[in-house]
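Same chain, two partners: chain A is paired with chain B first, then with chain C.
This part shows the complex of A and B:
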């Protein structure tokens, strides 16, 4: 018996006889083949088995599918039974809950019931109708696309191609029309958005005025330095501290840059350093500034040589009266040499931009400069002549309206152009008459580092020629002709020129008195620009030309006092020079008019004289070796002249470096770098937070299986250094030690210690939360340095040192009462293998470790046993809690047991929400006793040092911890510590030195 | 590093400074201390065949460098310079060169005196003392190592 039914135009042929004959098996078989099984309603059990993600996938897939085949035969009333029973023949069947509604197909758990209750006969009509319903739903399912609504969703996967999305001709013809329509639709939607983005043609955008406007807009948030565009083409730029700064070159030149530092010259743009100018009576200034500094840390603002203006000084500043707590940061300063008959002095303080704000407020309070002087009306004047230009440039109406509201002038911004014109930049005191000026971005500062920086400068800068005698009488708006009229100034100029000439005879920057200052008026270096980039090299002839006796005097006594004077100190001169700079275009025009192409422009135009200041930077001054490494010159220029000097300097074959290189420079010098290595300053703390966030983000970007498990490595804080906790813990250790000693001996001397320890405890209790400080007192450092037994870098040879008081108990206790909570900056050298990394752990070696050292110089250090990651089980437990509560409780119990066994504080379960695998969650357990060796501190800069030839690390250790370790060590091994990288279990021996 | 005019008193001061609050008068009575900073010796332009010997670099490396200059570098003569402590090493290098060449190389030594400059920075709390510079002399040796002319 064959039944033909036409459903939706598809002919379905049923061979009823075969159906009937196969009926007992047919039901399960259909489902097993899965051909006709359209949708088996997932039973409750199935859903339980299915994981949640699978269910989601399925739901998505079935979104557009008919949910189930519904066939409700009107003729019969007994639902599912109708299929087999048909007609009025009712058969009593036990109804399973699954079969209660509609139809149920597929393999059933209690499928055996079919066989038992096989119908004796079926009604053809009802059966066919049921099949027809099935078929129609099947067809519906096939026609509808799954998942995305895109056209090629209709295609089977193996026929889809990537290029179909933009080229409809790659689609089968039957789908093309639909695809075409959809494309048009999406294009329409897209064009609405794009209309706003598309405004001007590239040509219009690149037009000079418009380009400048665009540049000014981009500088609104982060100011550009004058050399920005030059740098942006060659360096990776970073947005930091409100500036766009060059980080490191895109070319691979780490070693060439190091070589430049140590044997030729490296050039850096340091214009982002902020200059603050103080003007007032010398006594007033010194009195107020002395509140911010301490003489214990070295020479301050009042040091004789700096005060005369002959030397640039550097000092660490603190909040008023807070020494040794709350430092602001290191600054360099320069006094203007005293001019005759004037008691007013001028002082420039150069500070890092992160500390500028704090420094300014602090200076305002100590100088009582609370009255903000209204800025001059210059900005408005500037605007007026510019606006007509703007209107010419501005073609479209829209742009004009924008400009009328608050359009920046289409003029290159010089200095800090982003500052609103109403922000005060100077403050005045009513009682003392002191004036504070904020000269940020008012000057350009270039730094040349390296022994040949001297030669480079000597080649680039030429002393300005005197202005012609004949034109002397004419009044001039320019600064230089006016300057030339005064005889005394010309004498000074001549003397400065002579001093500069003498300097040319010296061949290396390290031979000069450190911090020498020389004021100079030089010719525009663009006039003497060489046609080819050539490496500046010292020449013997120049050295021999110079008078030997005079140059010797210069070496010994430095530049005479009056030669340090420069017109750069005068604001009016600076502004005049900046305004009258010859533009590149004009200069080229002048050059083009020369009779002999390529010859020098002479006479030089009067605008081309620039007052500059040369400031010598001493190189490495700490320690016993590599002294004067990295010495060089700083070049101070009026603003606007940056590029005019930069290119000629670059043409002398110098290397250029960015922020990365300044870090390496200070690392090789062994000095802390601001703000990286000032954990007690606010900006230093801020930097550490930023660094932690950055490193953590980098860590989380890695796939979890590839991340280092820092818990297993016993590294509590791989991304930051909990200095505060370290200092506090060492304080506690000290107190406990004191207690032990008390119980052991009952001598009178120990009572003192007891008293001290109790007083210490009181101190710790009374101290505010952030009281970690860095030891900067020179005398204490010197004492500590002596106790560390300074040797040369590789530990071969003991250096000659004066007699140091014995490191005995009373000396130690008295030292610790003064500086117990402090950290101290140390330099660690790895005599054997190993390259220290950031945040490596500095530990104290045990007696057994030091025996290892005796075996031979090549013996490597001890190993840290692998730690257990207790949080791993917790992570598993937390996933289990979602499904069932019972096992998680069990694991929790295990966890707490483990934790109490290892005496670690148990972090609350809520804390694990922000938990990253492989990192200790807050709060950290005891940092000192976490590893098998006692932690003393961490490394903040570590690398293979190219200047020493071994791994070199710089960091801080706790003073208490260091002294305890040193006092327990034999004389032979004094100053040997252990260092372990966060990603390693291997301890390496290091030699600790404190350089003063 | 620290030099003092009166070593006896200064050492007292160093022990005393550990109790800064207790014995401030002792600090004030202290004579002016100076920190000694050595400046680099005068640098002269260097030819390719000049070898400045120092104590930091490995001896063998310096010897190899000289040998390379003489053999591979094509120089008929080189100059080995040593200052102060490095005089010994400079002589050693020159003699080694001669020995390894089986007597072909000849030596001509010159001695000289180099003037060195030290900076003395005052360490006093009042900051009234003037910083000083002083000069001292040190010996130097310049050894010419050369192949003699065939004539």
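This part shows the complex of A and C:
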């Protein structure tokens, strides 16, 4: 039986009879799902390249598409067991039920096996079935649309209508059922995801009481300053150290802010600084505090001027008895002027919030204050008169905004909202009677920086008027009328007012002795709020009015001692003032009742007298140029009065700055900024970790092809500075040098050196793995600073106070014995081009580099040869096979000697998940000898300095490295170093100065 | 509207010995086409053939092939197809010639045409069947090809069950 079919003129002959019965399942069928195991080559390759989600999408899209139907070698080999012979024709067919499973494609190497295993003939049934299978798969492909799983995807385009998925009636009737089902399913899925919260209307949310509730809720996690809302409207806010702080303004005002700093006034809210109060006998306090400080770093708590209360002091605190290791951080402190006949003293220590916890525990151990006092019974209140409301409020720290009983239930949160009311805030010592109070957020601190800050203050604040004579006899719950009754206090008030008037006569805030304190009682500045924002300018008239003699005295001696007293020191007065503040609403009401609109309220209501403290902040004290730049005043207020003073200050035309501006301020002053530039403190180390994580995250967000390859730039640690490693390596280098010297001078020409080096070696051997420390000893710094200066400086005017000893070998060795592992804070100026960046590398120049400098002033520095990225090949290897052996090639070019071999990254390190292209994985190789120039240190703050007019960097260098470099340099090139940005290969010459 | 345009050629591979069809695979077909084009049109043709030419589908049972050519030069490439006389695969030469059935702008039109064409083939086969057994088999196949209500249901359910799995 032969079937002849003519297909387009081609005759294909089939021998049917012999085959029909033998081939029950001769046609391989597609799997029921239409998805078959074999995949086209394109999809397989693509899948490797594509990400998983893309592959998934593609799979979904290709789900219904037919794929090629071919035989693979594997099935024929596996399933070719049944050999059936019939009619002289050999038949071999795979008979496994799931033929599709074995269908895969691939090149056949031994193609010869096919000939016998393939069916020799075909039947009509098989033919028909093959056709039918193909048709059904094609049908499926044609009928099912790709991509969208919506029902209306099946409709031709011209029949689609808007919002079909929403309203199923728009679909043709035959598709409605399916669409309905789909819709129900999606609805179910939606309900599973999230119940949409029912929000109140905006109007309801913005209603005063609700808004307050909402604000209080948001303050539970991070403390808000009193000026938070004002700042949040104008600044980028960051959550830092448990506070919501303003970082930088949203408007572009970097230069205006700088101009304000240097010529007018910049205002900052520093209320986040923590105040810790110590009360006790003077001797006890000084004895315990002396354990935390060292005289070597400068004047301490016991300095006479600060102790009298005339000056605010600043000091770096250390853990008890640990100097020079384990510093806590810098603090400023203020003694309360001694009142007559009392030996009890009061001391405020202002510290940064990151170091507060450590400081507090340290103070507690030093003062032996272990007994926590329950919050409501604050000790100071027992001595001083207590108003009935005080007791109620002390615990909750809430302020009654309105005294009406029908007032809103929500109360504005003042002070620390994150702290629970039961947390102890004061500790008492049983043996010495010392009391420690935590006054965090109990006071508002505003900082005005700039030469005209006193003018702004003078315009804003007016001395409080004395309370009327007639009402004197009446007892009052308010603080000011009671205060006015005492004659001695009124005399003091008058003297303070006189001193305050003298302030108007000075020309710049920098003229005053640094740290001057002035206590004052002022009127509510809201009463004198100008109608328009005007820039406060110094008036010549006022300056002439002031007695010349007196103002000169003020400039030389500062404010007289007794004028530093203020009622702000008394807790009861603070609470009273906070509580009795006139609200904005009441004030406006009073204004509205005035006969002449816009005129001043007089007499001023008795609630409007506020005790304040004005504390002078010193400007730039280090170095020779721009002295007293950035001086200003700090304004201390009782809490609750923040906004009442803030707005009037802003109306005097000051600029406001955030955290960013305070960083720039300290950069221009050339002083280390607290958490940033204290790598030896715990909070500094913490900050460094945070910064690294932040920078790394930013780096990883860039596409890999656009990232800087720091390995190629020879930059080992672009995001953090391994200070510890640097110091240790320099220590080792020193020892090596010593050994060399030893071998050279075997005759024992200089036995001293030998002795020194051996002692040094002993010292380093004995030294435990100590942390790196920053050199803060004034004497040593002065010595170093003298060594840094070139002796023949042309343009630099030097006022050398003392003769600096010669930098020779014995002097150097003795210095290094004391401070071998230390880092030193240096200022680097770029006399030519270049803008230093964060974590730029400070290097020692070679002799050839210095010759380059001689050629001319225009010659730029040397270049770093491009490094090779060995990790690139490893990276490739690691992606393909995990166990690939590593190429151990290594460009040994300049990477010389020492630790390179020992600290070369192990193969295992690259397997770590944290590996990022372009960054050295841990552990780092030798940091000092990685580049062609020897690394001395890194920059922690670097920018174009608007005050100097060239690139200026501040950072730390290793003392050992610096001294080695200096001793090798000629006299005329002393103090010239190289600086290289992490993203550049170009070294720039910098002049190093150490300012004391 | 805005897309890379191609032409899809639906071709049938005709071989004297149908069992040899099973040896075919898409790489072999592609190589054969490329070789033929290179022979006929030289380097120019070979270059044209290297851009976006692919074998989209091959059914070794029926000998149906979808070839994709760029629209710009498909005529030139098409003209080389009649010169294919054998396809070399797995070390064997299969004598054959390609018969173009349809030229479409999308795969979808080709698929549609193929459905129609195959059904037509089966219908032609039916009257020529000699035994009752054959007749029944072919009839069954034809029935499978037709879109009946039952078939539709099957498709619909399939898709539903898949959706469930995805969730």
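Quick note on the criterion: the second predicted complex is superposed on the first by the 712 of 996 C-alpha atoms of A that agree within 3 Å, B and C clash if a C-alpha of one lies under 4 Å from a C-alpha of the other, contacts with A are read in each partner's own complex, and residues count from 1 in each chain.
To be clear about the criterion, contacts are C-beta pairs under 8 Å (C-beta built on N, C-alpha and C of every residue); 3 or more make two chains touch, one makes a residue touch a chain.
Please read all numbers here as calculations on a predicted model, not as lab measurements.
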Subject >> In the superposition, chain B vs chain C on chain A residues touched >> reply: C
Original post:
Does chain B (first) or chain C (second) touch A:124, or do both, or does neither?
Top reply: second
Original post:
Touch check for A:731: first (chain B), second (chain C), both, or neither?
Top reply: neither
Subject >> Contacts of A:142 with chain B and chain C, given as first, second, both or neither >> reply: second
**OP:** Could you say whether A:459 touches chain B, chain C, both of them, or neither, answering first, second, both or neither?
**Re:** neither
Original post:
Who does A:132 touch here: chain B (first), chain C (second), both, or neither?
Top reply: second
Original post:
Where does A:189 make contact in the superposed view: on chain B (first), on chain C (second), on both, or on neither?
Top reply: second
Subject >> Footprint overlap on chain A, comparing chain B with chain C >> reply: none
Original post:
Contact residues on chain A for chain C in the complex?
Top reply: 1, 3-5, 7-8, 10, 12, 14, 16, 20, 27-28, 32-34, 40-42, 63, 65-71, 105, 107-108, 111-112, 114-115, 118-122, 124-136, 138-144, 149, 178, 181, 185, 189
Original post:
What does chain C use to touch chain A in their complex?
Top reply: 12, 14, 18-20, 22-27, 54-55, 57-62, 64, 89-92, 99, 101, 107-108, 111-112, 114-115, 118-119, 121-122, 124-125, 128-131, 133-134, 137-138, 140-142, 144-145, 147, 155-156, 158-160, 162-163, 167
Subject >> Residue ranges of chain A touching chain B (in the complex, touch as defined) >> reply: 295, 299-300, 302-305, 451, 507-508, 510-514, 538-540, 543, 552, 555-557, 621, 625, 627-628, 778-780, 782-783, 801-805, 811, 814-815, 818, 996
Original post:
Given the complex with chain A, which residues does chain B contribute to the contact?
Top reply: 1-3, 7, 11, 14-15, 17-20, 37-45, 56, 115, 117, 119, 121-123, 125, 127-131, 133, 135
